[in-house]
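Reading through the structure tokens given below for one structure.
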Amino acid sequence: MAFEHRVEHVDESMLIIQANLDDMNPEHTSYITDLLFEQGANDVYWIPIIMKKGRPGVMLNVLIEESAAERMEGIIFRETTTLGLRYVRATCHRLGREFYSVDTPWGPIHVKAGFHGGELVQFAPEFKECEQAAKSYGIPLKQVYDDVRSRFLQSRNGKREQ
Amino acid sequence: MAFEHRVEHVDESMLIIQANLDDMNPEHTSYITDLLFEQGANDVYWIPIIMKKGRPGVMLNVLIEESAAERMEGIIFRETTTLGLRYVRATCHRLGREFYSVDTPWGPIHVKAGFHGGELVQFAPEFKECEQAAKSYGIPLKQVYDDVRSRFLQSRNGKREQ
Amino acid sequence: MAFEHRVEHVDESMLIIQANLDDMNPEHTSYITDLLFEQGANDVYWIPIIMKKGRPGVMLNVLIEESAAERMEGIIFRETTTLGLRYVRATCHRLGREFYSVDTPWGPIHVKAGFHGGELVQFAPEFKECEQAAKSYGIPLKQVYDDVRSRFLQSRNGKREQ
Amino acid sequence: MAFEHRVEHVDESMLIIQANLDDMNPEHTSYITDLLFEQGANDVYWIPIIMKKGRPGVMLNVLIEESAAERMEGIIFRETTTLGLRYVRATCHRLGREFYSVDTPWGPIHVKAGFHGGELVQFAPEFKECEQAAKSYGIPLKQVYDDVRSRFLQSRNGKREQ
Amino acid sequence: MAFEHRVEHVDESMLIIQANLDDMNPEHTSYITDLLFEQGANDVYWIPIIMKKGRPGVMLNVLIEESAAERMEGIIFRETTTLGLRYVRATCHRLGREFYSVDTPWGPIHVKAGFHGGELVQFAPEFKECEQAAKSYGIPLKQVYDDVRSRFLQSRNGKREQ
Amino acid sequence: MAFEHRVEHVDESMLIIQANLDDMNPEHTSYITDLLFEQGANDVYWIPIIMKKGRPGVMLNVLIEESAAERMEGIIFRETTTLGLRYVRATCHRLGREFYSVDTPWGPIHVKAGFHGGELVQFAPEFKECEQAAKSYGIPLKQVYDDVRSRFLQSRNGKREQ
């Protein structure tokens, strides 16, 4: 029932770009996060930090492929208030991924599964589809998640038992 | 050797004023903290929080006596970016306090002691005096602290043993 | 140029509902925040906390009018994983608010202004309109903000000088 | 299959005791947490805060019944470094609770369920039992959780369908 | 009107020194921050972390030039409580910087501007000068900032329009 | 009186493995921390971060020797919910360490001391032994710490003076 596939792999030419921000309006963070993802960032996250004079700042972190560095730096300089940024080399290890479709009372919902050395180690219902089901049917989001997870497990176990 | 004294007491008419800030330049926090202390706040502290749209904001907390509320609200509205604030009633229990002078190789340094039900439960070297000694004598700050604490303990134990 | 108005006021019958969560999927927080706002919460925010066994949990905070308590509790019990919640009484002081329209190169953008004792103490460009302008015109969001703020200030000062 | 029971109820005489700590060895927090729970605290949690001079402190929070206040204050003054504490009145709303036993390949594991207005809104496998099963059988903890949750859901749905 | 200048550049031989601290008095952090800046650190910041046994520790981060490593390590070992530290290589990209003087009702205030590829992307009023003006004239700090920013923008736009 | 010894050294082949988690039950963190330490991790710590859609996630950090990477990755993929991880190269500088035994009213308690360039720069009472003494004798943990530290200092100073 899988319909999309990505092989487990290691990427050795990644960069983590970091910028410490102690004078930026926090309202802008969600906009900047979205923009960086749209422009190809592999991940974007913010770490609360304490800076000079005890200021409660945030550290922007952007995980990117080395080849995207210049474009990403341009965005960070234009959109944040930083006067400098730093980058650190990183190696990424990404699991093989497959998507499965699970039948539920609220229609089919996808589950993203992760494989390490060919063995399934992760599975997670797709957030947006669960959210949509919860809203449309007026049921708690956590109930949708639990149900999808339970059905996925039963289908896996069913197969193993045959 | 004590020279200042305050009795243990409970104050039932305290307020905690809180304001959630998601669009303020964090550079301003230290200035606002100092200003509120100068104007009579009993305590000022900031809590990192996550606000609407996942913004990394801060919650300003100001502990004050009820009678200072109006003046403090004026400062908060003028100096922060908030459009509203809230307050919660609180009761404060403060230990009896005495200051002692401890002789050290770097001159006398004060220790603030706290008493609960007449019994010494806290003692702490005065930060500014330790900092001054560390700078003047070029020794680690933590060494000054440790030494003052050790000497205070010995002087207490010495008295008990006599 | 103002077109909407709300008077400064104090509301004494507010509640802060709090629930500590150490076993909830963090993916659900944004959904819960949106749902609580839709259902009439005055504010929703999350505080990172450290719980039993050093678990990195979050505390959900929902500011509501007393009359909404039962409905909000129902949502919190259904959508989060908590087995209990607590509420604390609070008094809210909200500034008078007016909206102004500022002409910019990217069309009119509104500014929300806050008044304390009749005096303007806050003004902030509307986030969504700035975001829209930044996206449509391909300019940095912070540039839109700065420009709107500057134009608003000039128009205020212009009036005062006349 | 339930064997323990507690009714949903509201308790209006709770206190949240708070103490801001900027000079305490963080090593002591876990010891203090355990001690307060042993002495009858309903909940204990720590909030990272930023205090005077930008110090990264922690705020101790202890939720207790009003009648335990004096005993708890004694512990806090003896075990932490605070010179004062404050308390805020709170009302607690606790769900009805029942424990169920679920049969798993690793033996029976309990599930704690929460009821709001008679309706099941929460269920969670007991952490310690899952941890024990994971260690004894050498399987991932998350797999034990998922399996217990799935089995509990199936048993509930099975009953409803009959 | 610029009077100081630094060219945009990339520095490839930077180190981030990190030390996790779970048994240090948080009072010492501001002292250590100041000391490290005085001794030539390029940046110093603290990250709240959760360590062994769920302790709320802090991670000290010091950004330095490789050549300063030994001296900085000495300070960190003497002044913090750590038994070890680690460092990670980093590359820093710093904007070109110029300082401008802006005439305000409270005297001239400097603005630090940042240039990326020759284009102005950042500008920020100098904190200390704004703070001084706010204190001397008894006006809100944010009003000084806003005014300086607005005047700087107008002067830039004025030039462009000529 | 020292009985165990480790020389100051620098280890250049360390890795920091990092995984950002926004959909994991925080209850599992303490279990995962313990497991990673048991399997040979040099350090394990968690950083509160803000992820996509403003989710309050955590970043797992595991400091390991390069040779342990594969085994540690296996544990992280099995026990957390991550679909990928990254690692960054780090160099560790560890102080020389010696353990001393200090006689106290509650029996002997060990002190771990750290040496930089042959000079004592750190000393810390062993947490577990202090905890045990505090529990057995019903005295505050901080009192045990203070006493051990003071006795250790006196014994050092005594030797120097002879």
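Every chain is named by a letter (A, B, C, D, E and F) in the order it is written, and numbering of its residues begins at 1.
Note that a residue touches a chain if its C-beta (ideal position, glycine included) is under 8 Å from a C-beta of that chain, and two chains touch if they have at least 3 such contacts.
All values derive from a computational prediction rather than experimental measurement.
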For subunit C and subunit D, the contact-path distance works out to 1
Under the touch definition above, the chains in contact with both subunit D and subunit E are A, B, C, F
Joint neighbours (subunit B and subunit E) are A, C, D, F
In terms of mean CA position, the chain most removed from subunit A is B
Given over half shared residue numbers means same and under half means different, the subunit A/subunit D interface is same
Interface repeat test, C-D vs B-E, B-C or D-E, passes over-half contact pair overlap for B-C
Copy-to-copy rotation (subunit B on subunit F, CA atoms, range 0 to 180, rounded to a multiple of 5 degrees) logged as 180
Between the Cα centroids of subunit D and subunit F the separation in whole angstrom comes to 26
The distance between the C-alpha centres of subunit C and subunit E, rounded to whole Å, is 29
Contacts with two or more other chains occur in subunit C at residues 23-25, 27, 29-30, 46-48, 50-51, 53-58, 78, 81, 88-89, 121, 140
In the complex, subunit A touches subunit D at residues 50, 53-56, 121, 140, 146-147, 149-150, 153-154
Residue positions on subunit C within touch of subunit D in the complex are 20, 23, 47-52, 54, 57, 59, 73-74, 77-78, 81-89
Subunit E contacts subunit D in the complex at 21-27, 29-30, 46, 48, 51, 53-58
Note: in the complex, subunit C contacts subunit A through residues 24-25, 27-28, 31-32, 48, 78-81, 127, 131, 134, 140-142, 145
Seen from subunit D, its contact residues with subunit C in the complex are 14, 16, 29-30, 33, 37, 43-48, 58, 61, 63, 88-95, 97, 112, 114, 116-117, 121-122, 124
